[in-house]
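Just below is one structure, and these are the notes that go with it.
Each chain carries a letter (A, B, C and D) given by its place in the written order, and its residues are counted from 1.
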Amino acid sequence: MIRVQPEDFDVGAEIAALTGGNHRIGGLAVFVGLVRDMAGEEAIGAMTLEHYPGMTEKELARIEEEAKQRWPLEASLIIHRIGRLEPGDRIVLVLTASAHRQAAFDACQFLIDWLKTKAPFWKQEETAGGPRWVEARDSDGEAAGRWRKRDPDAAE
Amino acid sequence: MIRVQPEDFDVGAEIAALTGGNHRIGGLAVFVGLVRDMAGEEAIGAMTLEHYPGMTEKELARIEEEAKQRWPLEASLIIHRIGRLEPGDRIVLVLTASAHRQAAFDACQFLIDWLKTKAPFWKQEETAGGPRWVEARDSDGEAAGRWRKRDPDAAE
Amino acid sequence: MKLLYFAWLKTKTGVAEEDVSPPAEVTTVAELLTWLTSRGPGYAEALEDLSTIRVAVNQVYARPGDPVGPGDEVALFPPVTGG
Amino acid sequence: MKLLYFAWLKTKTGVAEEDVSPPAEVTTVAELLTWLTSRGPGYAEALEDLSTIRVAVNQVYARPGDPVGPGDEVALFPPVTGG
């Protein structure tokens, strides 16, 4: 499942809704991304998340589908927030559930890695020097590259 | 933090208690292990978790300390339940938080891998053929072995 | 053809969205980008370093040689930074 | 010396916990295990395959050559299966 929303999410409630009653699940991996108050050496007052409505949902659904092809998942969920967020706010939730823990872990990490390099979101930070668009990090490309061996149609 | 308890835990509440207000956290990884209703081809009615009081806590604390040495964690928590559990019940929670997602992911996976091969818990399953002690799986040893390169005092 | 610009690309072009009618010889993503730079200094500046530009045609990532045509929605944006 | 048995080891020895006084020549984990097998058929059966036995001395994993002595707490158990 995919959700793009300005509203916050409740991790415990999302887990319960997605996995409650499914007794085939042996392991559940969750990643939550949060707004930090520092970017390198600089203080961040807040950030605004822009996205590309329409493509965002398609790209997230495509990434999720890819994860389902690669791992035997019982459930998966990606929630990504948009709009203005402050330090400590949740940005993104990735949840994967499988009979086996390694599949849940790998799928969760794959989803956040790919999301970070493929889903059309852009962060603008509010700093003392004014607003600033966050630059993509090479390390995110490298993290996503780990999964590329089975990705014949990667656009990048 | 370490807890060994018969009681269930609330994942959302544990996350909030451990990480709320810490704006240095950028990524939070969570693993929840659950009781499945099948072990291979066989139906499981319930399971009972035995442990070695005293050593369990020491071993979990040692594993957590090792994770803190290896990764820059802002917070970590291991909760492991004991006693009788039924399919769908939560068994274990591992939670790690760091400025960076990869550290949170790696530490979380390390903790559950090591816990599975080092912490003195034993599962007894209730099957149609009577109670049966679960056998350790080679794959768990291999999973833990991934982290062994920097483990000079491993006993196994 | 509908064009969309995101993040700092939008700031440089000065528009978030526009309808354009490139000449008939513009048939690929690469040709569209070249044509766009001729539309004014903001566009030229936005497209100065193509290594920082990602393109999606009809909401799917596209390569320089991929075709573009009159009915397409073409989005230009910097490398993504979500998650 | 206090001995503890867990999981199926406890079933085979028939006790969860006992105080024992091995002879003075028993000074290592390996010597203790050998001596234990002489204590009855349940013990011999429990310790038949040492590859399935883990030992902790004073709540820390121990190897066959590690020392054991009168005041120690020694636990015997199968490979762990928690998590």
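FYI, a residue touches a chain if its C-beta (ideal position, glycine included) is under 8 Å from a C-beta of that chain, and two chains touch if they have at least 3 such contacts.
Every value quoted in this text rests on a predicted model; they were computed, and no experiment measured them.
S.K.: As a teaching exercise, work out the groups of chains that remain connected by touching when chain B is ignored.
M.R.: Drop chain B and the rest splits as A, C | D.
S.K.: On a C-alpha centroid basis, what's the spacing between chain A and chain D, in Å?
M.R.: A distance of 49 Å separates the two centres.
S.K.: Measuring from the mean C-alpha position of chain A to the mean C-alpha position of chain B, what distance in angstrom results?
M.R.: Chain A and chain B have C-alpha centres separated by 23 Å.
S.K.: For chain C versus chain D, what separation do you get between their C-alpha means, in angstrom?
M.R.: Centre-to-centre distance between chain C and chain D: 72 Å.
S.K.: Name the residues of chain D that each touch 2 or more other chains.
M.R.: Touching at least two other chains: none.
S.K.: Which parts of chain B, given as residue numbers and ranges, touch two or more other chains?
M.R.: Residues 33, 112 of chain B each touch two or more of the other chains.
S.K.: Which pairs of chains touch each other in this structure?
M.R.: After working through each pair, the chains in contact turn out to be A-B, A-C, B-D.
S.K.: Could you pull out which chain B residues touch chain A in their complex?
M.R.: Where chain B meets chain A, its residues are 10-13, 15, 19-38, 87-88, 99, 101-102, 104-105, 108-109, 112, 139, 143.
S.K.: In their complex, what parts of chain B are in touch with chain D?
M.R.: Chain B residues touching chain D: 33, 49-52, 54-55, 58-59, 80, 91-92, 112, 115-124, 133-136, 140, 155-156.
S.K.: State the interface residues of chain C toward chain A in the complex, per the touch definition above.
M.R.: Residue positions touching the partner: 4, 6-8, 54, 56, 59-63, 75, 77-83.
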